[in-house]
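Right after this note come the structures.
There are two complexes below, and they share subunit A, which is joined by subunit B in the first and by subunit C in the second.
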Partner chain A sequence: MVVLITSDDERIVVEDDIAKRSGLIRDLLAAPWDPKDGDREYMGIELPIVSSDVLKKILEYCEHHKEEPFDDTYESEDMFADIDEWDLNFITADPHMAFEIVLAANYLEIPPLVSLGSKAVANMMRGKDAEEICDMFNIEKDFEP
Partner chain B sequence: MSLTSIPDELLREVLLYLPRPSQNACLLTCKAVHAVAVPIVFRMISISFGSLQEHGFEPDDVLVIEKTLWETQKARSIEILDYICRNPGFARVIQRLLVYAYAQNDDAPKILGRLVTAVASMTHLQAVLWAGVGWNMDPLQWRLRLTSFSVKSQMGIDYATVENAEETTAIIPYIEKIIGHNTETLRRVAIPCVTMGSIPPNVFGRLTHLAIWNCKDLHHVDQIFLHAHSLVSLALVEVIGPEIFHVLRAHATALPNLAQFKLMILEQMDPDEEETDTLAIRDFIQNRELDRLDIDAPGSISELILDVLPKCERLSALGLDARGVSSDDDVKMLADSIPPNLVALHIQHPWEGLSLDSYELQPLLTKYAEMPRLRFLHWQNPVPSSRIIVEALAEDIPMLDYMGLGTTFWRIIREVGPDGETIVGAERIQQAKLMLDVWNDDELVDERWLLEWHDGET
Partner chain C sequence: MGNNPAKPVIRIDALPEDLILEIALQLDFEDLLAFKQTCRIFHLCACSDYLSRRLALSFHLPLDIDPWEELSALSGREIQRRMVRALKLDKNWSRGVPRIKQFVHIRGHVVHNDELSIGRMALLPGAQWLLTVQSNRRRGRTSATCTFWSLHDVRQPYRAACLEVSGQYMFSTAETACGKSPATYAVTYTQSGEDFLDVYNVPLEQRWAPIDSVTGTPQLLLRVRRPPDCPGVMYKVRLMGDFVATTISRDGSPYGVLVVCISSGHRVLLELPSIGELQGSYIEFVGDDLVIVTSQFDGVMVDKIAIPALFACSDPESSSCSASTIRLKKPRTIWAGVPIHPDAIVSFGASPGPRMTGWRLSHVNVLSFGQSLYLARIPPSTCTSSNDADGTDADSGPSDLPRSATRPAGLTSQDSTALGPWGHRAVWLERNWEDEHVRLMKMSASPPDHHGRRGTETTDMGIKLGVLVPPVPNLPFRPAECRSLAFDEAKGRVVLGLYSGDLCVLDFVED
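Right after this comes the complex of A and B.
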């Protein structure tokens, strides 16, 4: 088991297989550990930019995909490439969390989730003009053509 | 969280998933997003010399409307080129250049002069599509590292007229020099058949996409099948003469990686050889993992070809010249043969002026309604092109975005009504506009492939 410590100091215990969906955690667990530094599981892995809400969502994704091979080179340029129905429901359940998920998935190095989240954010922007995009994403419109 | 608080590389990924109009909207939001969006929006620019009419096409109502569109494009092209000439550093973001050089009008020298200067600054240019007759650029300007080079004499399906043959002859030396300058990097090429000899055999081995047009003399076409082992996309367009069938027969199992195949033959098949020649096509396409297939060979679509289609499970775009299919049984067989998961379909029929209730059309209408991914349907020409008919058809095809009936095109609009119901509308668009929309929208790759035989830019 691995203990992950979130930005709001919550300690979340996760199975290795699930945590290792993250390239960052996989690398940290593979690194040599000196027992003098303490019990590895007790010390945990600090994730200072990931909140517990977001991490729980991401772990839900990792749990669902734990049987799949790692895909660090994941690339998808096709917006309409078939998205798994579970993934679609997962990412669209809370559109505003999609942002947080993309950011955290990027930090945790989970490329398929970065891609899925990016598509969800892009989908929120489709068909909107500049004013609407600014309103939706709290952007101060400071560009004049 | 604000869009501006995510790292640039993530914002870039998000923007890459957007269609061009939404990317353009992002340009106008804030300076931070603008800076990330500029290299994405302007990685491809399109330069137009003006309308087709100025090249001697007879104007009719449709073309007059299109002329306005092309004039707007021309004015914008001059603005873009002026901007690049004043800000050469900006040109570094341009990776793909599309030039529609149809018109030999008073503005052409002005545009050409600016283009020569602008191209010299495009140090990261990778792909060039040059369509049209105004080819008199100094080829030395093209000493670049192009991975994709496409040239053709007209937009869309092109016919090997005498006039075009002269134009083709005039551009041969330029094409040969450009290929010569870029032999190390080229992967995608679309050129007239007569310039095939300029491609050395070792370059064929590196090509992944090849479109050959104006195929009157197939002397060099054997080279493709003998050397282009990496080819995934092959288009043989404007083929004249029966030699093509000998070539296909001789190389039925060549090009093992081929996933996209387009064959456009200009002449009606010889009735005495029709079955043998159709078998040559069938033997070439069967047992391949094709995702795009377009057979535009008058007379070839028979059960021999239709039998093969259901086995093409990966097919996403299909074009068929089904003008020889007219009996009830044949139409049913045609409908049964169309793979249900197509995204784009172009189909030609022998009929004209039928109503949607006509019994001949029912198997196909039922089929279209059972195609959940179909976004583009170009149907020639069984029913008249009217808004009512298009809207009626689109109501039954849930994902349809564009429809062509004969030579007119429509964009499908779906809106949510007051009671939550979907209201389907249709807006007539000009073919040139459709072409530009499709070219500017990376999501419409399958439609683009059917509209445009060359695939050098995808």
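Right after this comes the complex of A and C.
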């Protein structure tokens, strides 16, 4: 088991196999550990830019995909063409969450989830003009073409 | 700014650069235009060369990229400028009556032709050079005047070279290296009962060339007399670098393609398989391949042969290979569900290869008029490649393909049809036999699979017909005076050749 500590100081206990979907956590767990530094499980892994609600969503995704081989060379394909239904529901349930998921997945190094989230975010922009995109994503329009 | 103070607001423009790129890669070009107007960071990302090239590869409209241009050598800004132009052209062309954005009337300064009318025309790739052919009969001798026009500055067009072909003109084609002088010109003709194929090197002048000019005389590179063992007529001709190919028909039925290496003079006759009555044959070089389309009355066959490989294996010194005849295996018949008229129009689409360099066949388009207008797009996966030894699919059954039909109005006949290589746009002259009016017509077909969303393969290509020039336009000519036309689909340029010898250039998008 591994303990993940979120930005809002929540300690979430996760099975190794699930946590290791993340390239970042996989690397941290592979690093040698000196017992003098304390109990590894107790010390946990701090994820200072991931909040607990986002992490829980991401772990839900990792749990669902835990049987699959790691795929670090995920090639982004056409829009939603080859996305399975579970993934589609997962990422489109909450548009704003999708955006936070893609950011956290990028930090945690989960390439298929980055790709899935990017598609969802891009899909939100479809058919919108510049003003609407700025509103939706809280962008300060600093640019006049 | 944040509307939820309890939670820190993540701003999308604070994302790492690679993530912004990942998101931008999922957008198509129209959405990207909005995206890049939001903020500086997005603008920078959306203008990147990498993103622009990726977008160009999946762009759904004909993109004005010349065959000698490599996508990887164009800047992102330049690619996007052309994509914007393509969107504007598409918008205009899809209208019921597209607006003419520029009209130029070129007076035909013909000196001693008995027949002035422009019988044939072709725009060279890039639509900057125009080739016109006028047939003459002087003192009982027939000949043809072939003229190269520069349309680089369409308001200042000039004749860059002239060439006289004595004999009965059949067909000709020209090619330039990277759009610059000199041009290579290939022509088939009949003289005193013999068939010839000539290839010339034609220097193109930088200014108006007088018709009797002796400067920059075209230089004959190759003259091929039709081999006595292949009777028939040499007709359509195509050029690619050091190779020239011509179709050979006997009694109106095509039976072979003669390919000649210009520098060595070495020839290969590709004999079409004898399967029933063939009606038409169409050839085009795409990349290193020669693509041959043959039609029967209810189906088409597409064959692809890598030409340099064909000549590499046949050493002119070895008698076993020289002057070789290669019997093509029977290609798979693709049932198009289209009545293929002998005068059907076939165009060959090409797209940059996956590494963004080099060109490969993307599809073959067939346009045919009958009771209706029929359009079919044949994907390259259904082509036969005669380079593969003993292909297994040679006898597989006919396959269906995306096609579309629409009914033209009234009792009409069509002439001078030109179909773009992408198969999205076509123009033709249409005579209505009820009111005797002649119109210049256009077709627009929607691109396959817009937005890249995969779904059921639709046979509806969204064909829209419209009038480019009405019978009595507010222009200094009438479509009834047109004898020939040339069309560049990606540039949005139509050139009309009149009976008077004049030329009219119509552009449907501004630069």
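In the analysis below, the second predicted complex is superposed on the first by the 142 of 145 C-alpha atoms of A that agree within 3 Å, B and C clash if a C-alpha of one lies under 4 Å from a C-alpha of the other, contacts with A are read in each partner's own complex, and residues count from 1 in each chain.
Note that in this section a residue touches a chain if its C-beta (ideal position, glycine included) is under 8 Å from a C-beta of that chain, and two chains touch if they have at least 3 such contacts.
Predicted, not measured: the structure shown is a model, and the values here were computed from it.
Look at subunit A after the overlay: subunit B and subunit C clash there.
Residue contacts after overlaying the shared chain place A:115 against subunit B and subunit C alike. With both structures placed on the common chain, the touch criterion links A:139 to subunit B and to subunit C.
By the touch criterion defined above, A:102 lies against subunit B and subunit C together after alignment on the C-alpha atoms of chain A.
By the document's definition of touching, both partners, subunit B and subunit C, reach A:127.
In the three-chain superposition, subunit B clashes with subunit C only at 77-85, the remaining stretches of 77-85, 203-211 or 473-481 being clear.
When the two complexes are laid over each other on chain A, subunit A has residues 78-80, 99-100, 102-103, 106, 114-115, 118-119, 121-123, 125-130, 133-134, 137-143, 145 in contact with both subunit B and subunit C.
Residues 1-2, 9-13, 15-16, 18-19, 22-27, 31, 34-40, 42-43, 451-454 of subunit C are the ones that touch subunit A when the two sit in their complex.
Residues of subunit A touching subunit C in their complex: 76, 78-81, 99-100, 102-103, 106, 114-115, 118-119, 121-123, 125-130, 132-134, 137-143, 145. For subunit B in complex with subunit A, the residues that touch the partner chain are 1-4, 6-7, 9-10, 13-19, 22, 25-31, 33-34, 343, 442-443, 445.
Subunit A meets subunit B in the complex at residues 77-80, 99-100, 102-103, 106, 114-115, 118-119, 121-123, 125-130, 133-134, 137-143, 145.
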